[in-house]
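The following blocks contain the structures, represented as structure tokens.
The same subunit A turns up in both complexes below, where it pairs with subunit B and then with subunit C.
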Partner chain A sequence: MRSDPLGRHMRHALYCVAVGLFCGIVLVWSSPFLWMLVASFRPDSFGAAGMASLWPDFTPTLEHFGYALEDGDFPLWYLNTLILVSGTLVVQLITVTMAGYTFARLTFRGKDLLFAIFLFQLMLAPPVLIVPNLTTLVKLGLYDSLIGVMAPYWGSAFGIFLMRQVFRTIPRDFEEAAIIDGCAWWQVLIHVLIPLAKPGLLAFSVVSVVFHWNEFLWPLMVINDPSKQVLTVGLVSFALGAEGASDWGLIAAGTLLVTAPLFIAFVLFQRQFVNSFMFSGVK
Partner chain B sequence: MRIERLISGIAALAVSTALATTVLAAERIEFMFPAPVQGKLSREMQKLVKEFNTSQSDVEVVGVFTGSYDDTKIKSQASAEAGKPPAVVLMSANFATELAMNDLIVPMGELAGTANVDTEAFMSEFWPAVRPNAYFNGTLYSIPFQNSTPILYYNKDHFAEAGIKKAPETWGEWVDAAKKLTKADGERWGLMMPSNYDYNGWLVQALTMSNGGQFYNPAYPGEIYYDHASTKGALKFWRDLAQEYKVMPTGVTDSKQVSTSFFTGKTSMIVLSTGALSFVRENAKFAYDVAFLPRNVRNAVPIGGASLVSFKGTTPEQKKAAWTFISWLTAPDKIGHWSRFTGYFSPRQTAYDLPEMKQFIAANPDALRAVEQLRYSQPWIATYNTVGVRKAVEDQMQALLSDAGLSVDEAAAKAQKDADELMQPYIEKTAGALIN
Partner chain C sequence: MDSADTASLGAHSMDRVGLKGRGFRAALLPYLLLAPALVFLCAFTYWPLLQALLSSLSSKRRFNDVDAFAGLDNYARLFGDSDFQDAALNNLVYALGTTIPSIVLALFFALALRRSTRVNSILRSVFFFPTLVPLVAASALFLFILMPDIGLLDHYLQKFGARSVNWIGDPDIALISLMGLTVWKNAGYYMLFFLAGLQGVSQDAEEAAIIEGANRLQRLWYVILPLLAPTTAFVVVIALINSVTQVDHVIVMTQGGPNNATNLLLYYIYQQAHETYDLGKATAATVATLAVLLAISLTSLRTMERGIHYEK
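Let's turn to the complex of A and B:
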């Protein structure tokens, strides 16, 4: 009885330490983002005395956003990025579902070898593939088009691997019941397996969207026409200074504009995202 | 019978329309350009491209923004290999040697020949200092467009406060001034220089040249002089500024940090490209001035900036179109306009004879200093595998700035060894072998 209050104190202290620790980690993780937020509204962007400070000690200004919107063709870049991201995802969802199902359920000769070849794709460093992929695009007439940016990603090794694992966790009983009820294989896939695999598909979608939204090098390589430019390349076109220039306010405002849609989407659908990741085991 | 006639008539019509469209349509070429000093210049470049397109109807140029200097090289090379060679690329001035060596770009004579222009006469209008980087083995491969040299920017208010009368001219004066300007505990640094990749190698070369050295062999791209007295002296000098005299922060300093801390008054002197001149002029809220890079043995600086090149594999029509664009872009009034807008000096000497340029120089005497320094300018490092060879010394310079225990001898020997290994394949094919 006497040791219990002490134990409760200890537990309370531990709890406080843990909370403090987590707050510290959150602060470290979020400080670049917070700094960007503060800097984008700071009036003097070339270095007022407190320009490194995270504390907004000024009257906020929208002028950097004004410059960023004037400098960059943001509506066009948003549209192109949206087309790129959704075009990639829609085809990917179809291919990874079918291929994942094939590797999880069907039996045929050379299946394991074929799967190993798919996995091998994960080990290649993307820059190695720039020239071969560009050559293929030129031959297919897809150079300098958004479809050309999407095409190499349509067969995602990561997605196929993920969906194979997801399908394998679904008990066969469901399928067998559906087959007894007279379903063809594709009806089983559409009505039974896909609804059960939804969290896995959602998790893959998040990874895919974030990756393609942020990708820089490949769109830079494929796209020449300014009317097909995407956000990341567009942002660099006015934020990059080769010989020492540093317009921090403009860079921060532009970066905020680029990341905002993903950020807002994440905040809105946070619960669904986290649940889907918990379920699928992706971290 | 009638149907046949109809068909042949349609066919003839189709052929003639096709011909007509090929005759009438402007030759479409791509112009790839990197981000120079500052983002707003990319916009200005697109404006220039538009102005060119509306000024005539034979050629239509598509301006393609291609990121940093290094990204520009990767992208243009990749598209050339994939079968879409860009007709005009604004390329870091010292990459032309390597591209020519690897047979990737076209001699300028081939382009100029389409308009019966003699390249030698054309190049004679350019400053002598910018010419060597444009040639490889005696053949012209690039046309200089925007050039720069490293220059010393200083805060006049700080100089007055510290009682310094004039800008330092020698390394000794430079160290004295920096010591007087430095305030304890990092409150204010006397001097800052960018030591990030690319800038770093350029400044090591500048210090080596000021120390009497030549840095590399401009006649043979398989030789670099890192483990030599002049380079070692330069490495030691830069190291000592940070580690010994403590007038400069230790570790790697990015060029953005350098300009930002100059504007905030956290540093009194900086070394940056003359290409940043307009940027400094617009943003320094105090009296500043520019001066030659101080000398130890002699006044000497390397050229920097970018030149126009054209990749192999384009059609004769595209070559002709490329030359039309290049000659328009490098005409004295256009190249002069670009120089005033950016701060780069105009590599075309004749641009300075134009009235608007004379007016501008009179109003901004700091722009003249960059031009005056041209008398002491020499070509920029260009070897086999330029980027790798340059990084060999940059890695060591960065290590010297970060690690007080590293000796200059060790660092120079390591840089030399790494660079020599990188150039070995070229040496084996040239100086190390019998060439038939």
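Let's turn to the complex of A and C:
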């Protein structure tokens, strides 16, 4: 294969075709979002036939956003989703830090068994347990509450594994020096280990927030009261209503309202997002 | 295992230095620290697991029915239910039809965007962004994209002379349409793992292959792919688990129809619990689905363990 069977020009042409094809794939991949952007600003007068055009040949209008905010309770859904993701995360951070530290640094009887008990949870995806978990929530009186949506995720095995890994990569020299200086274990944890484990905690936080921001089936089953509805469930009821009316501009605007914050956050903290999601593979 | 040994040695020395003489309280500390996580783990993983097992063996179908042992009655009803058979078969097709294309595409994207340049990092983001948006938001967009005639897909396909297709209304095509959505949403996520895996492919091995006269394709087949095997094994597991645990698009777009063509296992469970109110069948289906997930994880565990050694 050392000889070059194709001429230089041929090779160059092939390279150009490959780049062109790849550009086509990139265009197809981004077309759903391009359509959302264009359609949400497109005036209604174009009718259904022109709705699919990706070309913005019109003067943009904000009327779809106006109707979307009238039809849907977006501020309330945002607030509930914010409560949901922050409530989930705050408790998770406490439990996974404590448990991760314990598995990384302490020796005790039954450690391997307890670790295996946590390990096993990674194999049982929580979404499959919706039916028995719902029964538990009803018995605990947590049905139809945001706490009920959060609670199953407060003992995150994934987070515990991640934090165990992170703590194990921190050299022991720092904490032994602190112990010799007379610090208690919790002072070492708070003043030495947690600051050093910040990248890990941040990565876990990003993955957790995105996961719970996007979750649909579990809040759909737990929440009944419209005033406690979260963004994903709200969007679906809103979009199905608009679909019935064939109001595609409205669907595009509503979906844009839901995805825009994620998009802005992603553009601002791109590297952090990508690194965190790569980190999520460490499990 | 080196690091684990030094870790426990270190912990012993720490016990001696810091916690000496506090006896009982020090011995209790690890359990106290684990308690909060353990409480939630038991309440929402092991307790429901036990509950699902028990009620799948019980004659109780609704909340106020009599609770009597029914043996494998629920399982017999479950496996005899043609809806469940459909859901299981669809899920198998869906698992293969999403896992294979999304992994092939993810690998292709990762290879094409391997060099970190400014343009490549933007293109990586284009492929990755669908991972971040809620599956229901993607479904809302695809409701329009897949509309016959006026939808985005048909609108542009018709410019190439294609006939209009009822993407989610035709029982023969609906599941394929949902697979397309899933591949679009997940391929960029899997691409990240391949990009990370490619960083671990040693330059020496590739350069040796170049010196030996291997062309691009040969290098890919004989050098890069074997070195990426652990990454691939890992991504396959995630993709298979996702194909069982994510059904938001089924709920939004098709409700399992038309003619049960897009019913999947978790959607079936949801239906039994929410629409049919048949607790016995719902929990039997839960146990069956968990068994599938466990089988996926356990068969992959060995490959994964080998993979971890490979990376080190």
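The working rule: the second predicted complex is superposed on the first by the 218 of 283 C-alpha atoms of A that agree within 3 Å, B and C clash if a C-alpha of one lies under 4 Å from a C-alpha of the other, contacts with A are read in each partner's own complex, and residues count from 1 in each chain.
Keep this in mind: a contact is a pair of C-beta atoms (placed from the backbone, for glycine too) under 8 Å apart; a residue touches a chain by one contact, two chains touch by 3 or more.
None of these values were measured; they are calculated from a predicted model.
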When the two structures are overlaid on chain A, which partner does A:74 contact: first (subunit B), second (subunit C), both, or neither?
neither
Worksheet item: With the two structures laid over each other on chain A, which partner does A:224 touch: subunit B (first), subunit C (second), both, or neither?
Response: first
Touching A:204 in the superposition: subunit B (first), subunit C (second), both, neither?
neither
Check whether A:158 is in contact with subunit B, with subunit C, with both or with neither, and answer first, second, both or neither.
-> neither
Field: subunit B versus subunit C as contact partner of A:248, first or second or both or neither
entry: both
| said: After the superposition on A, what does A:135 contact: first (subunit B), second (subunit C), both or neither? | reply: both
Of the two partners subunit B and subunit C, more of subunit A gets touched by chain C
Discussion item. After the superposition on A, what does A:41 contact: first (subunit B), second (subunit C), both or neither?
Written reply: neither
Determine, under the contact definition given at the top, whether A:236 touches first (subunit B), second (subunit C), both, or neither.
both
Worksheet item: Once the shared chain is lined up, is A:65 touching subunit B (first), subunit C (second), both, or neither of them?
Response: neither
Subunit B and subunit C footprints on subunit A meet at residues 48-49, 51, 130-131, 134-135, 216-217, 220-221, 236, 239-240, 243, 248
Seen from subunit B, its contact residues with subunit A in the complex are 30, 32, 34-40, 42-43, 46, 62-69, 71, 74-75, 78-79, 81-84, 148, 194, 199, 255-261, 263-264, 272-273, 275-276, 279, 283, 304
Touching subunit A in the complex, subunit C uses residues 3, 7-8, 10-15, 17-19, 27, 29-31, 33-34, 36-41, 43-49, 51-52, 55, 112, 121, 123-145, 150-152, 154-156, 184, 189, 192-193, 195-196, 213-215, 218, 234, 238, 241, 244-248, 251-252, 266, 269-270, 272-274, 279, 282-283, 286, 289-290, 293-294, 297-298
Interface with subunit C, subunit A side, in the complex: residues 1-2, 22, 26, 29-33, 35-36, 39, 48-49, 51-54, 94-96, 98-99, 101-102, 104-108, 111, 114, 117-118, 121-136, 151-157, 160, 168, 172, 175-176, 179-180, 184-185, 188, 210, 213-217, 220-221, 231-232, 235-236, 239-240, 243, 248, 251-252, 254-255, 258-259, 262-263, 266, 270, 273-274, 277-278, 281
Contacts from subunit A onto subunit B in the complex sit at residues 46-49, 51, 71, 130-131, 134-135, 137-138, 143-144, 216-217, 220-221, 224-226, 229, 233, 236-248, 250
